Amino acid sequence: MDIVVAIKQVLDTSEAVDVVEIDASGKDIKKGALISRINDWDEYALEEAVQLKQKLGGTVTAVTVGPGEWDDTLRRALAMGADRAIRIDEDAAAMDSCVVARVLTALISRLSYDLIMFGAQSEDLGSGQLGPMVAEMLGIPHATLVVSLQVQEGEARVSRELEGGVLELYTLKLPALLTIQTGINRPRYVSFASIKKARDKELKVMSLGELGLSREALTPMVKLEKLELTPAGKRAELISGSAEEAAANLATILKNSGVILSG
Amino acid sequence: MDSIYKSLAEIVGEGYVSNQPEELFIYSYDLGTTEPHRPDYAVAPRTTEEVQEIVKLANKEKIPIAPLGGGLSLAGLAVPLRGGIALDLKRMDSIIEVNERARYVVVECGVSQGQLSSYLEKHHPNLRHSEPGAPPQATIAGNIAIHGQGDLAQPYGFNSDMVNGLEVVLPTGEVCKFGSCSISPNWFTLHPLPDLGLFLGWSGTTGIITKLSLKLYPSKKIKGVEQFVVEDEELVPEIVYKITHTEMADDIVAFSQAIPPMTSGLHHINILMTADSEKELEFKTGLFWDDILREYIRNGDGGFLNLSSAMKAGLTRRPQVSKASDWKKGGGFEYVGAIMPVETYPECYRRGVEISLRHDIPYTVLGRIIGRSHAMMFSWTYAFNRADPESIRQAREALHESDDLALELGGTIWKPGIYGQKLVMERMDPNTLKLMKKVKELLDPNGIMNPGNWEVS
Amino acid sequence: MVLADYKYKDIIHRCFRCGYCKFPTDWMDVNNCPAYARFRMESYSCGGRLWLIRAWLDGKIDWTDHLAQIVFSCVACKNCAEKCPLNFSDNIVDMITAAKSEMVERGSIPSAVKNFLENIQRQGNPYGDARIKRGEWVEGTGIKQYEGQEFLYYVGCVGSYDTRAKETAKTLGEVLLKAGVSFGVLGNEENCDGNEVNKLGEESLFQMLAEENIQKFKDLGVRKIVTLSPHSYNAIKNDYPKFDGSFEVFHYTQLFQDLIKGGRLNVSGGLNARVTYHDPCFLGRWNKEYDAPREVLNAIPGIELAEMERNREATLCCGGGGGNFYTDFLGGSETNPARIRIREAYATGASAVAVACPNCMTMLEDAVKAEGLEEKLKIRDISEIVGEACLVKRD
């Protein structure tokens, strides 16, 4: 089983929400003290790929389109169990999903693959489009939001998670592309020692030219105009009373504000 | 999900029942050479009522129960031979009452030896119980259920003779009380109510002891110890006989061991005594030295070991710490304990050395005197290395030979495992056997209580 | 990995399961192993854990989540090593840590441990809070950055980020200022000391942390270190020398002891309270320091020190070691050792429990609330008690 996993590196804003600031260009956030790491969804995809490889044999190749700093995430992918990694050296922030899809397609079509996996979306831009676009460009079937996966005899049986806990079951003929939802597995811990060991594995950097593409020929179809923070609310209400009273009060407030869907 | 698991969880709470491989693994083992047998559930109840519910469920579903205290019988008596429920009773660890005047303590079945010793030392320093040589994790209930003996065996007998009352859950789920506690709030005497001794010595096959009352004895301030050493094993029984005549000793233990090498072939008679004053201690010690042992010293047949204060402290410390398990750096040992006539000491020793030699195990034998030389608990101990299957096999063989030997010399095996139980039953009076069978069937019609043990064919 | 590769393969079979490891020194209660006290199943005692580790490495049982829980429920309190009568007892906790290492290298560890370690990898603290906030607690105290002063005051992760423990960090600093001690802190430059990482078996991460810290200390010319936490004290004193980092390190109670004796710290301020002291495992059993904190408390007139039944080497651990102050494997029941400890403390009639460790602080603060005793029993760090006694005002 040859598996290709497309991953990206994002800024970790989970614990540092209050330090997020828009930069001078108005189209990105300041890196500042934020640290980078693998996109959460992609980690699940990688883990799924590595587990499959451990069960069925074969290879896992991690690919990305991004700048040099993203090698950290590729190394982590190698430490998790990917056999090799390939990075197309470009600033992905200057591209839209369609352009990235075209670059990835050009790369992946040169690799042998039975299965391609993407994270269902990215933490920063959250478009969720990349996987389906690449599948279309490659002319292979795809399924998104996959929460469980079984592979046997040239087929992938997947469950997709819908609203309200409903699951759809699909069978796809391989080669196929899947976008992976969080929770499908428990990504393994990557120890410091295994990251060091992974330095022996192949991390290849390629240029657009080597794929027969040029930056000029890849014009984005979507243009980001502006990035802004939602204004922080200026109201605070003190809820008093006994624990039960306060809880009931709070529940009502949350329901009425639409924060919780009542049902 | 497993409906029995659900029912058990409803009785004791989810946290105290497990059918996970880890718990099942641990609870399948005895610490000795007994082969493991996997239970289906490990359950840890807290109250007598919970135990009742579990027993009723087990009866209904015909699931075996193997009750477990400290799990230190070293004869596999708590190994779930037919699977089922491993019932860990150690959560039932309340010390319910100490009655100073009547000198007794009422405890739940999970109270450990160490816990009781410590509690009495702190809160009732004038009282003590007869503490067995097992690690402090051993439970009071487990010990009396197998007729254990402690460091008051010589004056007062088996620990099971010190029981004033029992609360038992029958295999059919009813709770019974035996002794004065069944007719009054006092737990001070077992006799003279009709004798219903159906739960001691039965290896848990007739019911689960949930509470018991134990006689306590005076605890004196000063602990003294003397060790008399002789080379000729034939002298041991007569020396012991004479010392017991004085009625002044607490614990008398005669032992001999190959390690350290300088003690090999020698017999140490360890005499523990207690006193409330130096005068009392000197008086007692004087009786042993002057009246009894002087002639042996004069004849050059033996001498007192000069014990440093550190050694004395070690010998009088409670609980005693045994390092036997580490002699083969192997983490394991098992012993055959037999109740023997004291006069068999020399032969027990000689044959024990021979068996040990043949199995390449350094010999360790010990005889603890019970009563006024009425009997002794004689043990042949065999260390083994858990990581070496051959050493386990050798130990097991040596143990079986020792079981055979005990019966050959006219004694009986204390807390026998399956092998020893069969030997005893083979020799037993057939009418007695028949009665045992009847009693068992009466109490445990579905055969759920620790099956595999004492099964009369 | 097979048993043959395991670091302690020659001794792991030597556990007899005698059960001494469950007891405190005076046998009074069979539940002195925090995990065993919590779960009361044999699998959670030290001996049970060792047998399970051996069975796993030997291929007799498979890795499961439950096995990982059992192994990681060891909080490295060292009660077992203290009590085990056999000759291999010195290695017991290390044997369990080595098994944790095995699981760490395979990546198969409980999620909470994974988060703990990943947070440290990323942000230098187990909470995953931003590095740039580590030094915020210093605000308004007058405590200076380290620039060659006599002591480096090393705070640690809990003291830098935990709301309650931050107060302790501040108070300790202020007391040191009052006593005229020359010291500075690293602020945002401080990184995790790695003690818990070490006890969780992530050896290479610990080595990286230690080596980075040692280099940083050396570059700054640090010679003497005073720590808030016994965990930091333990790592720097006992483990950093392996990586060529030898510093004179003190736990702050030891420094207080000297300062009081030398008359540089006047603790005569009016304080009247019956207080009981909870020995932290990494100061007590791990480093045999039972006296300094007691001498400090006894030096304060009006403080009546009442000992709990289990004290010094017999102490019941609060369960805060081995990362458990974050992973919380021993919570969720009244048999949580921290809650058992609070009940013991309350039984002494004390109005406050004196602690000398921010992990103990966290565990006992949560426990006193769970026991509903927060009005009756206060948890106070020794630095706070001394702070009151030398009239360092805090609001």
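The chains carry the letters A, B and C, assigned in the order they are written, with residues numbered from 1 in each.
FYI, a residue touches a chain if its C-beta (ideal position, glycine included) is under 8 Å from a C-beta of that chain, and two chains touch if they have at least 3 such contacts.
Since this is a predicted model, take the numbers as computed values, not measurements.
Counting hops only between chains that touch, chain A reaches chain B in a minimum of 2. Taking the mean of each chain's C-alpha atoms, the chain closest to the overall C-alpha centroid is C. Looking at B-C and A-C side by side, the one with more C-beta contacts is B-C.
The mean-CA centres of chain A and chain B are about 64 angstrom from one another, to the nearest whole unit. The distance from the centre of chain B to the centre of chain C, with each centre set as the mean of the Cα atoms, comes to 40 Å. Computed centre separation for the pair chain A/chain C is 38 angstrom, with centres defined by C-alpha atoms.
Contact of a single residue of chain B with at least two other chains is seen at no position.
Residues 104-109, 111, 113-114, 117-118, 121-123, 127-132, 202-205, 207-208 of chain C are the ones that touch chain A when the two sit in their complex. Listing the residues of chain A that touch chain C in their complex gives 12, 14-16, 19, 33-35, 37, 80, 186, 188-194, 196.
Touching chain B in their complex are the following residues of chain C: 11, 13-20, 22-23, 26-30, 39-43, 48, 51-52, 55, 60-62, 64, 66-67, 70, 85-88, 333.
Interface residues of chain B facing chain C in the complex, by the touch rule stated above, are 15-16, 18, 20-23, 25-27, 29, 31, 42, 44, 70-72, 88, 90-91, 93, 112, 114-115, 117-119, 122, 135-137, 319, 321-323, 325-326, 329-333, 385-387.
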